[in-house]
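Quick one: the structure is below, questions incoming.
A, B, C, D, E and F are the chain letters, set down in written order, and residue numbers restart from 1 in every chain.
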Amino acid sequence: MGEVISSPLPFLVVLAPLIVAAAAPMLGRWPNAREGVSIAGALATLGLVAALLPDALEGKAATASLVELSPGIEVTLRADAAGMLFALLASFLWVLAAVYSIGYMRGLEEQKQSRFYAAFALSVGAALGVAFAANLLTFVLFYELLTLFTYPLVVHRETPEAVRAGRKYLAYTLTGGLALIGAAAWLAMLGVDASFRAGGFLGEQRWWTDGQLWALFFLLVGGVGVKAAVMPMHSWLPAAMVAPTPVSALLHAVAVVKAGVFGMVRVLIFVFGADLLRDMGAWQVIAAASGATLILASFLALRHDNLKRRLAYSTISHLSYIVLGVALLGPLALTGALLHMVGHGVTKITLFFCAGAIHVRTHRDQVSGMAGIGRQMPITMGAFALASLSMVGIPPFILFTSKWYLGWGAAEVGQQAFLILYMVSGVLSAAYLFPIVIRAFGERSPAFPRFGEADARMVVPIASGE
Amino acid sequence: MIWQLEMALYALLLAAAVLALWTRDLIAAVATLTIYSFLAATLMALMGAVDVALTEIALGAGVTGVLFIGAVSLMKRRSVD
Amino acid sequence: MEHLPILIPLPLLAASLVVPLAGLWAPRAVFPLSVAAIALSAAMSALALAEVVAEGEALRYTLGGWAPPIGIEYVVDHVSAFVAAVITSVALMVVVAARRAAAREAAGRRGLFYALVLLLLAGLTGMVVTGDLFNVFVFMEISSLAAYALVSLGGRAGMFAAYRYLILGTVGGSFYLLGVAFLYFTTGTLNIADTARLLAETEPNISVAVGAAFIFAGLGVKMALIPLHLWLPDAYTFAPSSVNSLIAPIMTKVGAYVMVRMFLSVFPEGYLTEEVPVSQALIALGLAGSVYGAYAAMGQRDLRRMLAYSSVSQLGLLAVGIGIATPLGLAAALLHVMNHALMKGALFLVAMSMRMGAGVSDVRMLAGVGRRMPVTSSVFAVGAVAMVGIPPTAGFFSKWYLSIAAIDEGLWFVLAVVLASSLLSAVYLFRVIERLYLAPAPVIAGGADDGSESDAAASAQDGGVRESPLDVTLPMALLALAAIVLGVLNVVVMERVLEPGL
Amino acid sequence: MRLFALALALGTATLFIAASVDLPDRGDPDAPASNYVAPYYVEHVEEDIGVENVVSAVLADYRSYDTLGETVVIFTAGLAVLLALARRERHE
Amino acid sequence: MEEVAARFPFWMIGALLGVGVWGMLGKRSLVKKLIGLNIFQSAIILFFIVGSMHTGATVPILWHGQHNPHAEDFVNPLPHVLMLTAIVVSVAITAVALAFMVRLHRAFGDLDEERILDELRR
Amino acid sequence: MSERHESALLHFMVRAVMTPAIMLYGLYVLVHGELSPGGGFQAGAILAAGLILSWLTLGRKSESSIFSRRTLIVVTVLGMVLYTGTGILAMLFGGDYLDYGAIPLEWLDYALPGELTRRQMGVFGIEIGVALAVFGTLSLAADYLTAPRSGDEEGEEQ
């Protein structure tokens, strides 16, 4: 990791959403002001992240150290390359989501919008903290905060179903967080400097026994794997679909699962290091789990008629693309994984926004009920179609690039089996996404009111088209 | 001090303790407890602890006994066990 | 300020004499007098803490002018100053916040009520700062007697709970005294420092071992260690709100403090681990307690009872920290003393505030209170989050240090159990949060009529539920805030206060 | 509960009796308790305080703080009894 | 026999402690619990007093005008002081417990633990 | 002897003989606590026993008696104040808490016969405080405990 420079910027990046969160409830009586603040905050955050970009491109990592959390362990925020990527993704998508939320929330006259905006901002702040966390304890801190701040969003509807989903969400993610805490405590006790370093810091210590390494591996990977929704730890994600669509977008694209995947990158590459994982043979465990998830989730997606649920399983499947890419431990596969993380974020948010738009206008959630909808909402469904194409991995779109890298990476490390896996799953993606598009444009059905939602969804597809 | 006497006192003490818990008549139990206190005070005096013995008689036997009797006389006289 | 140590309990003691008279002739003066006394005591504790930290050594004070083994001394070192400062300041917050509740619950007996509160605190602070084994017993009995009396205010159920508490508490006190007897007959002294010196010289023998066992059994009752916790749930549930919010955060903590003191400065190092299996027993019982308490709390409907079982759980963790007995373990335990005092103080005040504002303490009836009582509910949320141990609240860090200390000793299962009990506490605490914030949702199954009943109750309440006044919410919010601020600044506490003292 | 109580009672008794094995015999003049602090009280009470009853001297002077605590215990008990039984003051 | 006499008090005190604990925890009647408590505490008091003895020593009260007293002539006064305190504590606790009991009797009309519990559950 | 006479005799015996005798013994125990067994606690208990005995035999007229409940509270607090106050006084004169040696009491030499040291005076003061407190508390406790129905029932509701 290149040069380290001291800068308050990473701290400000995390702080900005907090200010929004504080302001949102206070402005609860003036919705316009509240949402203005929300958008302004999102833009400001994006600006701050962008301000960090030049340094990051030069290989310098801006670092801000705050209070000491435990003797010798400080809360340190550092904007390194991987972190910047995630932070850019999150802050950019936040802007989109902020704009979109206005239409969605007002359109449905959702309750408690102030709480929604506040919690949303807090979640993004925590996700940015996860992105910039420079050591394991800081990472755990923000990871847990992310859980906590997203909980009000998941249960936003306050229906029994939402409450159940919220419980499930907490049960899964808190357990994962505790596993991380356990691992962090262990490392802290051993006096290991748990700052993330490319190549990993565990490999530096030569006195680990195999059993200890494996225990650490399961604690850490299990901890981040929950949020990354690797099977069998995935079931909170489809359940959380009851939340409003912007929340799903947050969960799937902006913050939560991406934090999990990003955590996977941190754990595998920056904690263990490729060499150590290869020595242990541990990568095979993840590769097997994520490979299985890849296919299984795709099949499950096929079976679901509820659009959001189908998209959720698609997310699970695509997350495993990334995890698998990381686990392959090749440089190409890693690049592909990171690209896929960004690309999937952008694409999936489009899909969700479209699903949300359909819901707002028509109150239909089932795929089978969407016949002919494309005629009524051409822009929405057009974007949906483009995003679907990208999801499947058709050339001009970003996900094609990332899949290309991933497949190439798999071949590079001599794992052609996974290359085939990627291709099969691409076909399956087509199988569960295209019928929606075809049905939407092809078939005719009772008339809908004219389509409505404006700005947000029009911006998104453009981004998706690379 | 004569150890035979001491042993006898201890035996009586134990007997009084068991009896106080055994009897179902609460007034009798309280009376036995007072006797227990007196016996304990005697033992203490024999062991040279005259101050403690005096206190035990005044407070332990006297006041406790009076308070017990006063309270128990307001209640049912018999206990279940 | 050479008199600093005695000035910690003395204001409380002196005020407790005036307050009952004030209750007879000038009822209006009762509350200000009591608060002033507690504030003075808290200020003195803080001052003592500052001085100890600055000087780096303990303040010693001979009572009656007689040097230690002959007379009684007060020792204010890092640990005791810390605990004294914590309990007095939490007590100050609670007493201020509980004014209205106390005015109702002890109507017409306010003088007696506040006198007993002051005596309770005097007893606890006295236990903390004393350097004499027997003096600990005397002040323990003062605080216990006051606690029994206060618990008995809670109607007939409270009276019965108080009676059982009295019996079990006295068993605890007497066991402690019996243990002290063994120590005294082996060493010939009652002074703590002196006992430590002499015990280090004596051959390990069974008298000392059993003495230690009796002492810890007695203290185990006082701090509600698991099979000895039977008094706690009833006492906390049926005591009036103004009382349980005072007793729950501080009472058991002082028992724990005395345990720490035993490890720290009475028994020679390693004695309680190698000669007597006290450490092992503490760890085993503590773990069992932390899981059992959390499990039992899950099944409770009454908020206060739930919090009481959660206390059992948290105290179990505390006992584990003490049992680990390394400096880090003891530091974790002491940090947990502080955290738990703050969190439980806040949570029981929430329960009080809800009983006042919403008229209920049944968890199922709390639906929708979150909107009506925003401050109270958010304090509950913060307290719950801290109790579960999510960073950066204070609760996280005591568990963090506890885990580190446990791993350090190779006690892996401790880590597992700590994490498991955190999860269990998340289950019952988030259930309440759901109730508070998420509108009347009959999620907790149990038949249709159950749900509709709570719905009806919720809609009926809607008109009556309102936020408590500022003098209730402010102290509560301060406690919750402290739980966060001290969590972030825990390193300051650890490095400046606890580590030099251990 | 009853079994638990019985076990606890027997346990206490046996533990105590087992532990007393290592205690000095009753009346042992070499017992540490009689040889460390106690002699000081007897030998210095005359010059220190001038009270002939050593117990009184220890009670009220050497360890007067304990006695204060003891009086406070009684006082607390008095207040507790009042709190439990006294008629409420109406004029408040 | 002398040997036995020297240890005998400890056995008896142990037995008394056991009886006291049984009374406190095993009896259902609240009065009996309190009696057990008194027995338990006075057993502890006796234990302290036994430990304060030594052979050939007498009551710790100096003869009038006596100078340079020898410590071995007097029994150890310290446990006596402690036990004065303990007796007072035990009386205080008894008084409070009795006050509770009077109130409990008024509220429940009974002093049997089980019946009170039944009543409370209803 | 008629019942009335019997009662009068009882009154006389208790009022004029027994109670004063017990009280006197209590005072003796208090004053001689420094020389012989006894002291504040015992004295207080004996004094209280005297009072309680007269109550038990003659029936309580606590409202009319000089020892009304309120008086007893005041007596108790007075005893406590005497004790703590002595301690605080010692602090004010520069000693430690309860360090009677620091209280200058020489002027008392002129008022009292014999040679009393400062410490003896302190001990005596304390013992009086203890006696008062114990007397007051125990009498109060006995008064309330033996009264058939002294409290009200307001507290009995759930």
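By our rule, a contact is a pair of C-beta atoms (placed from the backbone, for glycine too) under 8 Å apart; a residue touches a chain by one contact, two chains touch by 3 or more.
All figures in this text were calculated on a predicted structure; none of them were measured in a lab.
Note on connectivity: the fewest chain-to-chain touch steps from subunit A to subunit D number 2.
Among the remaining chains, those touching subunit B as well as subunit E are D, F. Each chain gets a centre from the mean of its Cα atoms; the one farthest from the centre of subunit C is A. The interface holding more C-beta pairs in contact, when C-E is weighed against B-D, is C-E.
Here the spacing of subunit D and subunit F, counted between their Cα centres, is 21 Å. Each chain gets a centre from the mean of its Cα atoms; for subunit B and subunit F, those two points are 24 Å apart.
If you average the Cα atoms of subunit D and of subunit E, the two centres end up 10 Å apart. For the pair subunit B and subunit C, the distance between mean C-alpha positions equals 37 Å. Residue positions 4, 16, 20, 23-24, 31, 33-34, 37-38, 41, 52-53, 55-56, 59, 61, 63-67, 69-70, 72-78, 80-82, 84-86, 88 of subunit D are each in touch with at least two other chains. Contacts with at least two other chains are made by residues 5, 9, 15, 17, 19-22, 24-25, 34, 50-53, 57, 59-61, 64, 75, 78-80, 82, 84-85, 87-89, 91-93, 95-96, 98-103, 107 of subunit E.
Among the residues of subunit A, none is in touch with two or more other chains. The complete set of chain-chain contacts reads A-C, B-D, B-E, B-F, C-D, C-E, C-F, D-E, D-F, E-F.
Contact residues of subunit E toward subunit F in the complex are 59, 61, 64, 84, 87-88, 91, 95, 98-99, 102-103, 106-107.
For subunit F in complex with subunit C, the touching residues are 70, 73-74, 77, 80-81, 84, 88, 90-91, 95-102, 155-158. Residues 51 of subunit B touch subunit D in their complex.
Remark: subunit F residues 29, 37-39, 41-42, 45-46, 48-49, 52, 56, 138, 141-142, 145-146, 148 touch subunit B in the complex.
Put simply, subunit D touches subunit C in their complex at residues 4, 15-16, 18-24, 31-38, 40-41, 61-66, 69-70, 72-73, 75-77, 79-80, 82-84, 86, 88-92.
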